[in-house]
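In the two assemblies presented below, chain A is common to both, partnered first by chain B and then by chain C.
After this line comes the complex of A and B, so read on.
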């Protein structure tokens, strides 16, 4: 359209800012290093982002419903340790459902506290971060868990296997993203999640059971964590108690990069996937440039702030805030 | 007495009641379970407890202002680490070689200025961009930690200055240097929050930002100052702690934000802003330290400590809501 004003263009730039930034990064890294976009490298990046990605999918639901989940990191350690331990005790066929059941119980507990008891999700999940970490240590007695017979089990298929030339973690991540994307965008439940996060009071008045929706969001989140724990356990066949420590913040960073507002009511699965890939490709690109892992932290910092800033600047139509 | 007053008193003294309960419990349980034959309520043990409360406690005072103001700061652990690195590294800078022991106040000042500057970065971003403090400080938590690593790679930064160690280990009237720092910080922040315009405005802004703006309070500079205060206090906490230990790992201070926020919330400060008290925060800090020490005393390991503290945090949140539940809808962060 010829009649687009400068403000329109600015708004569009800001709204699509994260995609544009992504494109600029990809182009920049490709010019700097021609291995960056090779199929092997791309596959490697997505594969190593899969665990973070799967967790971010679940947290997207929680964030859209207007809450936070800081417990996913230690919950992931828990499921990894449990499934590794049970693998040798009762075999993989039973270990996997048992681990899922236990992880879902934790999710249900958080969902109950935040949904039905209406407690502040930041504090509850902060408490659960600590509590689940303690639970994991108690369960394992502080020991690392290892599968005794690493060769003689099919358990490695989730983390190490590949089908049609694509690693299984990527397939799981993409399949789960497609499934949850459809649930969020196309079902009544998905619309209720947006409604609860956008305006809880209005949602309640229109007959939506807020508590139940929030509860289910945490169930989704813990189910995703269980999947992530399964991939992690299967990939390494052994693990420390702290394998997921600090991941909650990376997960949250990915979700926020994807443009979900912490106030709830906005965000999509697709954008979260983009957020996960951005984090993954930046890390990989900086590594290929020969920079240390911690430079990535600083870059992520700048990108998160810029992304969120541009997003809200576009919404208010002004670059600087109105705070006096 | 009105019912409202009663529940207010109950709430304000709850944390101290909890501390007394802890003391009684660990004293009795210690008789049966403890491996050492020393009593839990031993004077030396209690003095040590106060000293060990200082690093978290000093930061918690700043976090109380931030949270009363309606913000949050997740980057305190990273600020703590970066200030510590600056402190210990600058002790051996060749520029200061001629200063002798006078390098100590210089290094302290540099470390504290680092904290203030990092806090100012947070505050300015929150003010000027209008991005939520949670996101801003989540980002700077990563970023500042990255700076710590960029400074000295994955190596620890060490510098042992015996004058400094002597100072940090000194005891005045029985209390350790760190305890005195905590006491003075608590007193000053308490004064600011209860006796100055700045403190009153912090409550006003946290309670109802729009009303505060209409009343002519400058919200932006106010928040900036508060972020500088917590940056300063995070650095001070590092100064107090590392003057004694003399060596900092780039991962030090991780999860400090969680401990600090737990202490402040235990003390009854609301995440939604507008309410909270410095004295109760001190109670929260002591309660947590007592719990860690007490559980250690009766032979529990770290896993139990983590489990118990997590569950207590949730329980406090629940009780607090029951005491406040008068049709007040909790705001989301």
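After this line comes the complex of A and C, so read on.
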């Protein structure tokens, strides 16, 4: 009892640690550049975070269920390339569902390997990161994909449109966050995801079909990737094969920043949204400071390490310990 | 012993955490060559006291005195260097390494250039093992040893220093009766060498068998020390919980209903063979046997976790095949598993959600889980089972063992099962909650549930069961009724001494 209280305090401190660091960044950026908190810039940050955010929503399910998904970046490239290619071949009405079906198949394959065959998710999805990249290149023949008639299609609405003055990518992100947030928090499926990630054996002993839940989490993740790919394709109307490269780490950073434990069993959609925004604002702030784009990679890594450290610190109630 | 100086003395130890006075002026003194029991319910402060002794917590007041020298403990390792050694309930061994490497982990004997002196290592280790009279040697891989032998490795580790006091924390929790005998021999050897021993356990039988004195903690305060010879179980229990405990044999004879579950000739590989029994509504059927006799495996097979390779299972007279836990649950077979924390509960989840986990899919209004229905179920069983928790939002990991077990039992009762299997109902549970769980099991039978209880504790089996299945090495040796069973005949049956007898 007493020690739990201590851990709770540690947990609170750890979570505040991220928020404090975030606040320091925000104040620093605002002082350094008065554009940082302007409405335009804020909207811009949220808008540019939307694709990452949509992917992070799906990965939140996977992480809470106690697994990882490192394949989302290259899977997003795949979705983008496929939908752009099919757009000109069969038209957007058919291209979109066809792309969703193909992306879900990839998710189902990963879900089968991790859920039913019980293979390690790190290995499976790391391998899929590379395999799907190869698949994409095979599909495209290594060529960039472009929509021929960019003016004559309504396809741009997902990435470029806006409603009520709000860009459509933001609306999609928020609507999807609301939907998935409710699924995770309010449905039996959501509860089972927490149980499987919290203690998979106990979940099995409670009659939960663990493999099925893990499988469905990867389906959720791939569905989110398909949405992200759709937004990406629609925004640019053309794409390289590597458009999603490296996003898997940003996505994971956002999910962990939000406070989901890599050990599974904890985290929420709301927290992930917060994590996405924190990451978005920090990366944007660094750009405004005039730092090179690739410095972001380093900073993202530092943020992941910081978040993981605080996550562990929260569990043991102090920042440093001789005992693991 | 009065002219000796105590090996270890704790004086006026006070430790407070925000909102809790975990230890309130606790005193304890262990003489060289004495086995001193430390007893108290879960939450009484035993663990906190040991953490203070091991330097994990610093006391707010009071001092630790080793052989009349006041000592400040800063870590378990430093405590060990002062001659205070802990043998923990949960083993902390590197399973891939050899016995010798484990024993001298962190202090392996060295030759030049930091090379390990293997000859010396094995010689030293074998010398210690010889003292313990164990059946393995320095080069054995720890992972290949039984739990009992792994515990011996822990003890051997303690013997590498000149121990003044050794603290055993629930050492027999996972030992079989035969293994206990070996442990007690080792303890009495240590005793003969003048080591003071603190023995923490819930098991009265052992306490009265091996200890000299008993100190009792309750709610963080010291309640007194009794000479084991001059006291009784009742007196100790009363000191611990403030009331007497009922552990007599079950003599209730209410009428039994129909056969709920019948098993004929069930076999599963080498685990168990040709097992037959039946359990009726209103009956508690006990399964007693040594660890490895196949009891848990039978329970797991009935619950769909293992595939039998022969035999039939009949529920209400109809033959069924149980393919998975989900399938078992839908057919009305429930299992309260042996490993409460590993298999029974999602510790990070709250009480209510744990309890409703198996039926969360059925508690929906539209697509959503109905929180009202869940809370209603929790409240009903909180009341019925007297679960002590501030509320349903409490994380299960924060509850005591007894209350955790009641959550698991409540989880299944709320599903209204045909057969309730309870594997080791009171493992690691304090003495007060133990008796509550026993009463609960009897009540469930009286309400018409068919209950199977698997237990390694004879008093428990005798106390709760209407009939007892004695198992040895995967086979049913004999089925006793509560009228005919004696402790002797039961022990003979589970040791494979008595001739096999068919179930009547």
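Structural remarks
Following the convention adopted for this analysis, the second predicted complex is superposed on the first by the 310 of 324 C-alpha atoms of A that agree within 3 Å, B and C clash if a C-alpha of one lies under 4 Å from a C-alpha of the other, contacts with A are read in each partner's own complex, and residues count from 1 in each chain.
The rule is short, and it goes like this: a contact is a pair of C-beta atoms (placed from the backbone, for glycine too) under 8 Å apart; a residue touches a chain by one contact, two chains touch by 3 or more.
Small disclaimer: the values here were computed from a predicted structure and weren't measured.
Legend: residue contacts after superposition of the two complexes on their common chain; A:198 is shown touching chain C, with no touch to chain B. Comparing chain C and chain B on the residues of chain A they touch gives the larger count to B. Once the two complexes are overlaid on the shared chain, A:113 sits against chain B while remaining clear of chain C. Of the two partner chains, neither chain B nor chain C is touched by A:35.
By the touch criterion defined above, A:298 reaches chain B but does not reach chain C. Judged by the touch definition given at the top, the superposed model places A:187 against chain C, while chain B stays out of reach. Looking at the shared chain after the overlay, A:142 reaches chain B, while chain C stays out of its contact range.
Of the two partner chains, chain B is the only one that A:129 touches; chain C does not reach it. In the superposition on chain A, the residues of chain A touched by chain B in one structure and by chain C in the other are 201, 322. Within the complex formed with chain C, the chain A residues making contact are 1-6, 9, 182, 186-188, 191-192, 194-195, 198-199, 201-209, 265-266, 322. On chain A, the positions that touch chain B within their shared complex are 66-68, 113, 117-120, 122-124, 126-138, 142, 200-201, 246, 249, 252-253, 256, 262-264, 292-298, 300-302, 304-305, 308-309, 312-313, 316, 320-324. Contact residues on chain B toward chain A in their complex (touch as defined above): 125, 127-132, 134-136, 138-150, 153, 213, 218-220, 223, 254, 258, 261-262, 265, 271, 301-314, 317-318, 321, 329-330, 332-333. Those residues of chain C that touch chain A in the complex are listed here as 17-20, 22, 43, 48, 75, 303, 305, 324-326, 328-330, 335, 337, 342-349, 353, 357-358, 360-361, 363-364, 367-369, 395, 397-398, 411.
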